[in-house]
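What follows is a single structure, and I will ask about it in a moment.
For clarity, chains are labelled A, B and C in written order, and residue numbers in each chain start from 1.
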């Protein structure tokens, strides 16, 4: 067993860097971050004030990396970290934080609080405190190839069904194609219409693509746990598959954290740049639209709005492509009052909705989204993340709201110009 | 003493004035001027005249130590000629280096005689500071300043320290103070001391205080031993250029547009706000002018340690040190400590990296 | 020590020590931070992030209107602080002596107004720290220390200027000493944010810029 309290503290020492040192130096305890956090505002409990969640890290920084802190330690004025501190922190870092990053947008000092949360998770995991659900998901992903634990056969069955429905051949393990497509477990199990949708879109656009038996899962519980090593195993799996198939562009599906893991964290956790590029599926569709390769006819005229997934939009930088696509296929798109990088988190990401015990809290949090949606008097919410979709649907049902939730790729596919087969 | 036995020291001032053809009216006017200069009520003028005219000539011994003779020069520049020199005639100046006719043994003898004859009743006036470092730095007739001061002060009624040197140490005390110059009040602690600071003090301030002492005794003194009547307000609060300070109109350098327009001199170093004296009201040279009116900022000459209070030409709100020099030194020192701390930080991180054991799937409960 | 000696000390050795401790302390803090290093970014960035980082230094000062209850008093205090410190005429002389650069001051009645406003804002900020749940739970003793050393210069300055208190020379000495206390405490409390905010905003801005996030 390589996890222990010492390893946890050691990880904090290892990961504190110049940005983090500047963040703790600049924090004035103003509390504004609490106004940005959906958990703090909806529960009205000040213990969820974002920067407060990082207190163990702050103490380590002060004691190890500042002259004054070291002096205080010498004369016995500082409190050393204990295992209890780390245990108490699990609720704050894993169970009541989706790493949505809204706190980082509001801090007047410019502190990137979610950056620190990610490292705090790394320390807690090294101390052996990662939530059981995430640990189990990590084991399933690596041993079985998917977060939900289904084998390739299950996916193959979906692929076969989509082929039959669309009449389009869908490649698996095909080398030298334009794109390698990854999917998240949730999409495979719950929203598998995406497979057929992609087939239709790509055929019309004239691009070639494939799935990979070795690496079809985009989801990364390693990142949720905050374990760079576990995350790296999953990323390396994808990298190897892409290299084997000689792929230059890898597509991350409609999933928030998958994009963050493969697009941004991936090269850093495996320690080298990729020999290929990574895109969110929506970025790809938007690029095709720009190139004139996406032909649609008709528009959805229902009043609808869009929910920006935190990891893809605010933290991942995919803010405009979805809007371009919506404007192409919908005529009544109404923005939420807070959108793009300022959007409010649905409350399910970051591994939070994998834990049953967080359900009561998630119900409470959903009140924010409910208000946002009801303000606009819409019938439909479109999004581009399967976890958000699940969380929204759950909340909508729980609250008896009459709202439909759709994936953006699905919407685009619905309005594809249907060409007569020759 | 009876009028029959009168010699110079027993003739009253009143008699003296009449003898010199000065009318009571003129004398009253003088007393009014002095009284109003000290902000005494109108009735004080007649009381002053009454008492002064009956007063007998007061024995005064004037000791000059480490001084420049500026205070003597100032007091003799009082331009109300007849009456003030009459005051001086009235006062029996039994010993004064510059003004006395005698010299050598004769002068010292006159001093000792006056001390004996008026034991307990003479006024001791001192100008100049006393070297405490080494008694040999300043001696008169082979007697050290300290010794002479102690001897003469012993039987004095009161002591008047004239000029900033006697009052607070003045110029000789300025850094590095090689003679160990100290004020009169640093040596004599058992007699009433009135400080009349200034470098030099205003003539009429000196005579006004003396007149008060002769008539009403020792005036009300502030915490620095200065008569409140003349030193109770700052130059700044009575300065005629104050409206320009309040409106933010300042001369930025000598002879610039602001200077020529008579604007406030704060920016060219005026210490008016922290200087207490009568220059702005009583002025100098029979009320002709004072430094600020002539275009030069107040140098704070009636305050203790004004020579060490920084440049006369840098504003009161600046430091008296050269901040840039200190700041550069501090930057270097801080950088050195910072680099050391930084090295320690990086070493700490490296050590942590070494001790790191990667988390494995086994830790998660998976197979090896 | 009488008030004249106190004033002379404050303008002399006191100022020297305060400058040394503040400049050395801040330099130490900044180097100690930057020395920790920043991990290399291996993902393919959308932009170098340098201009985004620099822009962030300014942009985060733009207030978020939604949080007006939280930020109004603090903004008033900070603006008042900048105006009073840098535009009161005697202060401009101090900076001219220090930097050799001179800028014109503003009329006293404006400075006076902002001083009172800042004092009121500071008192409200202290109340907020006790009342607001988020602030209260975050507060440590050093937050109060920082407040006191920032508050004293305002109050002593106001009193000196208006000739309140026992004696002007003494109040001026106390005002200068209170500023020196602030300078000495600055590198060792959260007041370092006055300098390190540049670093924290830059790092975050550049990270966001690399990812193409517009905020």
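As a convention for this text, a residue touches a chain if its C-beta (ideal position, glycine included) is under 8 Å from a C-beta of that chain, and two chains touch if they have at least 3 such contacts.
Because the structure is predicted, anything quoted here is derived from the model rather than measured.
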Between the pairs A-C and A-B, the one where more C-beta pairs touch: A-C
Centroid comparison with subunit B (C-alpha atoms), farthest chain: A
Chain centroid nearest the full-protein CA centroid: C
Geometric centre distance via CA averages, subunit C-subunit A, whole Å: 38
Separation of subunit A from subunit B, taking each centre as the mean of its C-alpha atoms, in whole Å: 77
Shared-contact residues (touching 2 or more other chains) in subunit B: 337, 341, 345, 349
Residues of subunit C engaged with two or more neighbouring chains: 28-29, 32, 34-37
For subunit A, residues that touch 2 or more chains besides their own: 16, 65-67
Interfacial residue positions of subunit A with respect to subunit C in the complex: 16-23, 25-32, 34-35, 40, 44, 46-47, 49, 51-52, 65-68, 104-112, 115, 263-268, 271-274, 277-278, 314-317, 319, 340-342
Residues of subunit A defined as touching subunit B within the complex: 1-3, 6-7, 10-11, 13-14, 16, 64-67, 70, 125-126, 128, 130, 135-136, 138-139, 142-143, 227, 229-230, 233
Contacting residues of subunit B [partner subunit C, same complex]: 223-224, 234, 237, 246-248, 250, 266-267, 273-274, 303-305, 308-310, 314-321, 323-324, 326-327, 329-331, 333-335, 337-339, 341-343, 345-346, 349
Contact footprint of subunit B on subunit C as seen in their complex: 2, 4-5, 7-8, 11-13, 15-16, 19-32, 34-37, 89-91, 93-94, 96-100, 105-108, 163, 168-169, 172
In the complex with subunit A, residue positions of subunit B that touch it: 337, 341, 344-345, 348-349, 351-353, 355-367
